[in-house]
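Below is one structure. I have some questions about it.
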Amino acid sequence: MVNGNTSQRYTRGLEKLGLLGGSEEAIFAANAGVAPDLSRYVVEFAFGDLWSRPGLDPRVRQMLTIAALTSIGDTQRQLTFHIRGALQIGVEPSEIVEVILHCLAFAGFPRVVNAVATARAVFDEQGVLPLPETAEPDGPR
Amino acid sequence: MVNGNTSQRYTRGLEKLGLLGGSEEAIFAANAGVAPDLSRYVVEFAFGDLWSRPGLDPRVRQMLTIAALTSIGDTQRQLTFHIRGALQIGVEPSEIVEVILHCLAFAGFPRVVNAVATARAVFDEQGVLPLPETAEPDGPR
Amino acid sequence: MVNGNTSQRYTRGLEKLGLLGGSEEAIFAANAGVAPDLSRYVVEFAFGDLWSRPGLDPRVRQMLTIAALTSIGDTQRQLTFHIRGALQIGVEPSEIVEVILHCLAFAGFPRVVNAVATARAVFDEQGVLPLPETAEPDGPR
Amino acid sequence: MVNGNTSQRYTRGLEKLGLLGGSEEAIFAANAGVAPDLSRYVVEFAFGDLWSRPGLDPRVRQMLTIAALTSIGDTQRQLTFHIRGALQIGVEPSEIVEVILHCLAFAGFPRVVNAVATARAVFDEQGVLPLPETAEPDGPR
Amino acid sequence: MVNGNTSQRYTRGLEKLGLLGGSEEAIFAANAGVAPDLSRYVVEFAFGDLWSRPGLDPRVRQMLTIAALTSIGDTQRQLTFHIRGALQIGVEPSEIVEVILHCLAFAGFPRVVNAVATARAVFDEQGVLPLPETAEPDGPR
Amino acid sequence: MVNGNTSQRYTRGLEKLGLLGGSEEAIFAANAGVAPDLSRYVVEFAFGDLWSRPGLDPRVRQMLTIAALTSIGDTQRQLTFHIRGALQIGVEPSEIVEVILHCLAFAGFPRVVNAVATARAVFDEQGVLPLPETAEPDGPR
């Protein structure tokens, strides 16, 4: 490991990070020479403490991540990483879209339009476009 | 029905609202004499269009609602309604807590501490306190 | 005047504050013994510089105030003051409701539901409830 | 029409969208293959339900849109569209600037500085720069 | 200790919490029966990891806390705790007011007016009102 | 001076702006032809009234600026200016990083990760990378 940290929290965090397609190298490269502790907190706290909690299905947990990031705004970089991660653990592209659209009621159109644009860029990069059409809840209008 | 609206969107929205423990009467009483159309939009758009979309398990959808409301802030009133609603459709109290705690990484402590206080008040009102202790992800510290 | 400030900005600000139903006494009482300069900045900058700018009808300017406060959230105290102020300068209660509802697209339901509740409390205090029903844009549904 | 939707809400929404210089094609192209329903909600709910409400002058309504988007932040894309739309329906460039500056009291300098930069880019694209100087409210300082 | 946690992070966090006038008992009571892990994260991460970092004077660190809470909004509960804590470690009431007023440029009047009201309530409770008047930067206007 | 404004507020504001590495020319160029009054308000109110207040060490004041901007989000442009300004008046790069990391508890990872990326770009531009490693509060893990 990059920094020889062998605590349970750190090891567990790295493992979850890896599940989502991230790596210790990449997470430390982003803050290298400036704030290595921020990278460590991401691994230990965000992934090792929070993402590793039992009691929720990992796919659901990642959908919650996308809902929170969509609602908060100014999170394009984080949404890109976590939408890739969601795909990685088997969340369907159509489910990701549903998660973002659900936030429309709470966060308004600008946040949702921006998040869908970010999702689209990730889907394009991963070659999963176009998504199959969703059926309307009550058939044709 | 209160206002004789019989469109599919409205009917479908009322049904979902009812599943979460809300009622047409209560939703219109809140805005009566001021903005009945706001009540209508809640039923038609938030519940009839968005909450009624297929493609996500309703329990997951309601967990997403709680994550979005936690992250946005100044939503005590809405969290109270939607935490009650989550319990109503079988989301476990411990799952609700997990959803709120997951937002810690994205929205910070103040939003999460406030949302847990709101959840606690609802759990108290519903007589489900104390919740069983969550096991640590890696056993005793 | 409470603090003997006779600059143009201050005098102009006090006048605008008065139009909206505020007073120098009340604005200084709120921060007395703690931050009198905050009261002064409210008069000089918010009312004397910004609210006093030409180029917009005062009623429109006050509607913009309500849109901004609705969108920002955690502004119940400010919305109460500025909705009273809007009524004071002849903005119709129904126009205030329209302003708040318009924000639904951008700020989502929680912000708008909260702002309508605040408006309703002010309308109730001013004895203007119930408001006349708005006609639908395209007749009966 | 792109998707054969002939409901009153949809038709009315398209018309309003057109007034602001948008088109069904463009709004569906943005979400094509990912979330066509988001485009539909924009037309039906944002434009067909909300923007189409009577009771406010359309120019005022569009000024409210700019105030809300300025206050919310992370809305450069939406501000660009809606500032173009405001010009399209006869809101003066100087009025747009006044709307944004008014938000300074509520949303602070960063939101307003960003929105003015966006407005400036649109004004430049439309060839309306420089704007005429605004007179000071009380003559020369 | 309440929960027998003897890690360095936890012990260090408790000590910092104590400096600010908090206690393990109070922090666990707030989430008792619902989310004891949230209390633990407050101690371990917020106080043990972050607040305990070297490199900033503790008084400055607590002023930063107040600036962040003022700017975020919907944080009355947290501001109350942290303004009390700031007084506890020797931040002057007038410095606390300066910190909040400084945020006016970035967060706007509503956030700052709300934070000053919270500070005032804490100052009143602690019997330090009225504060001495601040001299103007350039003498009488 | 660009616009012949010789008020005390304006002169004092320009001086502070200069300390942070800004200039009247640059601040007016940014809004030229669109909103010269916004530039004037930046100088008069943000720098001349607020930044010029006595009672806080200027270095602390600039650290508060960075905490507020980090917490608010969508402020990359402002953070870039104010991190440069902080370096200009002798805030150490490592102190700037500490300020941003401290906000993690309140504003969450996305805001802090974005602000660290902005700081890193400024540090790179100023040739101060890599920063010396921070010692852990309690020695090796």
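Which chain is which? They are A, B, C, D, E and F, in the order written, and residues in each are numbered from 1.
Here is the rule we use: a contact is a pair of C-beta atoms (placed from the backbone, for glycine too) under 8 Å apart; a residue touches a chain by one contact, two chains touch by 3 or more.
Here the structure is a predicted model, which means the values were calculated and not measured.
> Following contacts chain by chain, what is the lowest number of steps it takes to reach subunit E starting at subunit A?
1
> Listed by label, which chains are in contact with subunit E and with subunit F?
Chains that touch both subunit E and subunit F, as defined above, are A, B, C, D.
> Taking each chain's centre as the mean of its Cα atoms, which chain lies farthest from subunit F?
Checked the centroid distances; the maximum from subunit F is B.
> Can we say the copies subunit B and subunit C touch using the same residue numbers, with more than half in common, or are the two sides different?
different
> If you tally contacting C-beta pairs, which pair wins, B-D or C-E?
C-E
> Taking each chain's centre as the mean of its C-alpha atoms, which one ends up farthest from the centre of subunit E?
Most distant chain from subunit E: D.
> What rotation angle takes the CA atoms of subunit C onto those of subunit D? Round to the nearest 5 degrees.
Best-fit rotation on C-alpha atoms: 180 degrees.
> Need the CA-centroid distance for the pair subunit A / subunit D, whole Å please.
Measuring from centre to centre gives 30 Å for this pair.
> Suppose each chain is reduced to the average of its Cα coordinates; what separation in Å results between subunit B and subunit F?
Once rounded, the distance between the two centres reads 39 Å.
> Centre to centre, by mean C-alpha position, how many angstrom separate subunit A and subunit B?
About 22 Å separates the centre of subunit A from that of subunit B.
> Among the residues of subunit D, which are close enough to touch at least two other chains?
37, 41, 45-46, 53, 69, 72-75, 78, 101, 104-110, 134
> Looking only at which chains touch which, which shape fits best: line, ring, star, complete or other?
Shape = complete; every chain linked to every other.
> Quick check: in the complex, which residue numbers of subunit B touch subunit D?
Those residues of subunit B that touch subunit D are 37, 41, 45, 49, 53.
> In the complex formed with subunit E, which residues of subunit B make contact?
Touch list, subunit B to subunit E: 73-74, 97, 100-101, 104, 108-114, 116-117, 119-120, 123, 129-131, 133-134, 141.
> Quick one: in the complex, what on subunit C touches subunit E?
On the subunit C side, the touching residues are 5, 7, 30-38, 41-42, 46, 69, 72-75, 77-78.
> If you look only at subunit B, which of its residues touch subunit F in the complex?
So the residues of subunit B in touch with subunit F come to 104-110.
> Can you list the subunit A residues touching subunit B in their complex?
On the subunit A side, the touching residues are 8-9, 12, 45-46, 50-56, 60-61, 63-65, 67-72, 75, 78, 94-95, 98-99, 101-107, 134-135, 137-138.
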